[in-house]
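Accompanying notes for the structure given below.
Labels for the chains are A, B, C and D, by order of writing; each one numbers its residues from 1.
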């Protein structure tokens, strides 16, 4: 990422992937040019957040990682719905509506979409494939304030919008769902990507509604309720993102 | 609170106030009838949350507390705006838009309202008094899905709506703001109440836009980003709230 | 508790029991006389800690609670040893040696005591009963700096010492063990009490080595690694504890 | 590090430095050979901990990092003692005695050592230089169970022992002190190193009692109460560390 900074600008970046279930960060490089003092903290979702003040002029950030990850996702048809009374405390917050996922408004829609799918994984998969089948992927049709309700009406958007709709529909049927931002190998055109995880069968499962099926080779950068939580850069001042390039290569 | 429960219903309650800055819980009573097993956890905002399964039939919850609190809020005209670069990590999340507080859509509105008030406390006070002066307090004009943007248009609502608008406007000008639910002495008619706190002058300050000025004698039950985080009861099943009574007496 | 305070003295108190697994705080009262400002925070073990400055002169603290708890502990002979690789992250810290529990020095001793008991609950029960059978309960034989190694040699002590030895022996065989301070109904003479919990069969189980068998009717006030973590009062200055009385009555 | 593993052995490693105040991890590489599944969690002190099961046979771990750090520590003679009542909640735990730092037994010793130094930084510096002046650095004189009280008597040890004594003496005079393990440039012979930080003047300051003065160019790997918390490898089974090499080069 390369910024043109008009005046010293505080920023919060989330560009350091964490090792975790199914993901091992083997190599990582995170360069700031020019280098400035940075502090790092862990937010409510366990993401590592970097705080700095971008100096006036050109400021570039280059984050590279080599990550061990699975070639295929772990599909689990039949994984059961977890009763709300038995959810881990941590998962409860992912049942709540959020800025871009008004699950409180989409109950009836969700019920129609899931039909008679078995409670749990199969319902989420039905939501995922319904979105893929019924929405059109098109750049320039949505913006930073577009929410799931709007996307449900317009039936068009990008990965962020598809994800918000998936999140809202899962929560509407009491399945905890969280947003993931990160990278997907072979995405075309290559860019940052967003998808979601749903808590069924007593663990989180990966779902991506932008493709015919959910592929593997994913790198998670950050988790959150929706895009408000997982902005990879948040800035407080006159910095203009001039260029952003993303490469994902298989090692 | 008294519920008519059609079938065993998981619930999450937030009815145990915590001692904290300016609030001391001297006595507390929390009775369930019939008594059922409960676990308690602490959420992201430090609230104590009680998890239980309400049994079929009549189920009542009675929470009583005697709390030491200040007669007057600590007004601090002139308390300064804290630069985003200097905010404590914890406060950053309260700059983000949330389900009912689309701060990302209200930037221009906020700028018009604050006018030339000094950055910080005075801006928040201007937002607070503008809401009091320009909105009409009226029951039945909003519902559980009403958001700040809708309230800004309709100019009518209850304490929850007034608070959501205050939160959204503060965040729109980069002042961290969090929702508070609790009790206010002498509120008429007596009910649960909601207000907000803004982080200026390096600490949280209390603001209530439902009255001419922000009075003291408040008891905080829970903090959160907005009403999604601080529902005092969340239920997953067929329980009907039959009756809820609130009393607040000065000791 | 009643203190004679020579000069204003900062204190950290841990006198507010929390609701949790098998324990429900139905009523609670916490009075300071004279009343002073207090803040409360949650420590690493989830204990609620009250911070205040005791004023010069007489200062008394009175904490009362009505707690729902089980008449009997949940004995689970045969509950299995949990492999270290499968322990929850949270339990790992309770494998480490601590100030009063030098588990690193007691490996051989532990192995001799457990003999051929089945790995898990039965080993812990063997440690518990060995301590009861081989140590003498006697006031005035130990002090605030007595550790498990010393107690193993002297074979004498009070509940705190018995507990430290139980903790150290469990950790020496890779069973996570944590200290509990609280109240036990019908303890004679009535006083604060200490016991321990061990993590076997995928959850925490209660053990008390000061009696022939582990009785029920316990109220937990605080958890920690050992007595260093769970001092109910820590003071930084010239306050003298003049009187402390404990009552536990069945409701 | 290279291990000879007799049977599959669960391990907890702490080998990933975190970015933080005065330290920026620009590049990092963490290779396991053979590669095995790993999960990572954050402990009570914010350290990133890697959990894995080392497979039978040869197992090697190679962690490399390029870290931006200061050439010199930030000496602050005169930085003031922080009253216990004003310490941040987080620092309180670092006043407690711990496995290797029996601060409760060293009060009188600490008072004699600090003499009439000004409360705060100057007292800690006096403790640090007293240890350097009065202890002999010698390998093979202490072991994994040696504590501060023993080191005070023997007056001999290695960096770990010097650090434990510094920690215990600081806590004995109510100054929060935490252990640091990491790397120091130009240490001879090169090895892992340990030192301590004390909380005075409202922030943590670096002290190293193994040299005439506290040098810069340090990389922090982990923080904790004492060596029990910051073992870079903890293993539960028959793995033998065959070789460990440490290189630190200036970039």
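In the analysis below, contacts are C-beta pairs under 8 Å (C-beta built on N, C-alpha and C of every residue); 3 or more make two chains touch, one makes a residue touch a chain.
What you are looking at is a predicted structure, and each value in this text was computed from that prediction instead of being measured.
Here the chain-to-chain distance from chain A to chain C, counted in touching steps, is 2.
Comparing the contact residues of chain A and chain D by number shows a mostly shared set, over half of all numbers used being common to the two copies.
Between the Cα centres of chain A and chain D there is a gap of 37 Å.
Centre-to-centre separation between chain B and chain D, using Cα means, comes to 43 Å. Centre-to-centre spacing of chain A and chain B amounts to 28 Å, using the average Cα coordinate of each chain. Contact with two or more other chains is made by no residue of chain D. All chain pairs in contact, by the document's touch criterion: A-B, A-D, B-C, C-D.
Chain contact summary for the complex, chain B toward chain C: residues 16, 18-22, 24-31, 35, 37-40, 42, 46, 48, 50, 68. If you check the complex, the residues on chain B that touch chain A are 10, 12, 41, 43-44, 49, 51, 53, 83-85, 89, 92-93, 95-99, 101-102, 104-105, 144-145, 174, 228-229, 234, 236.
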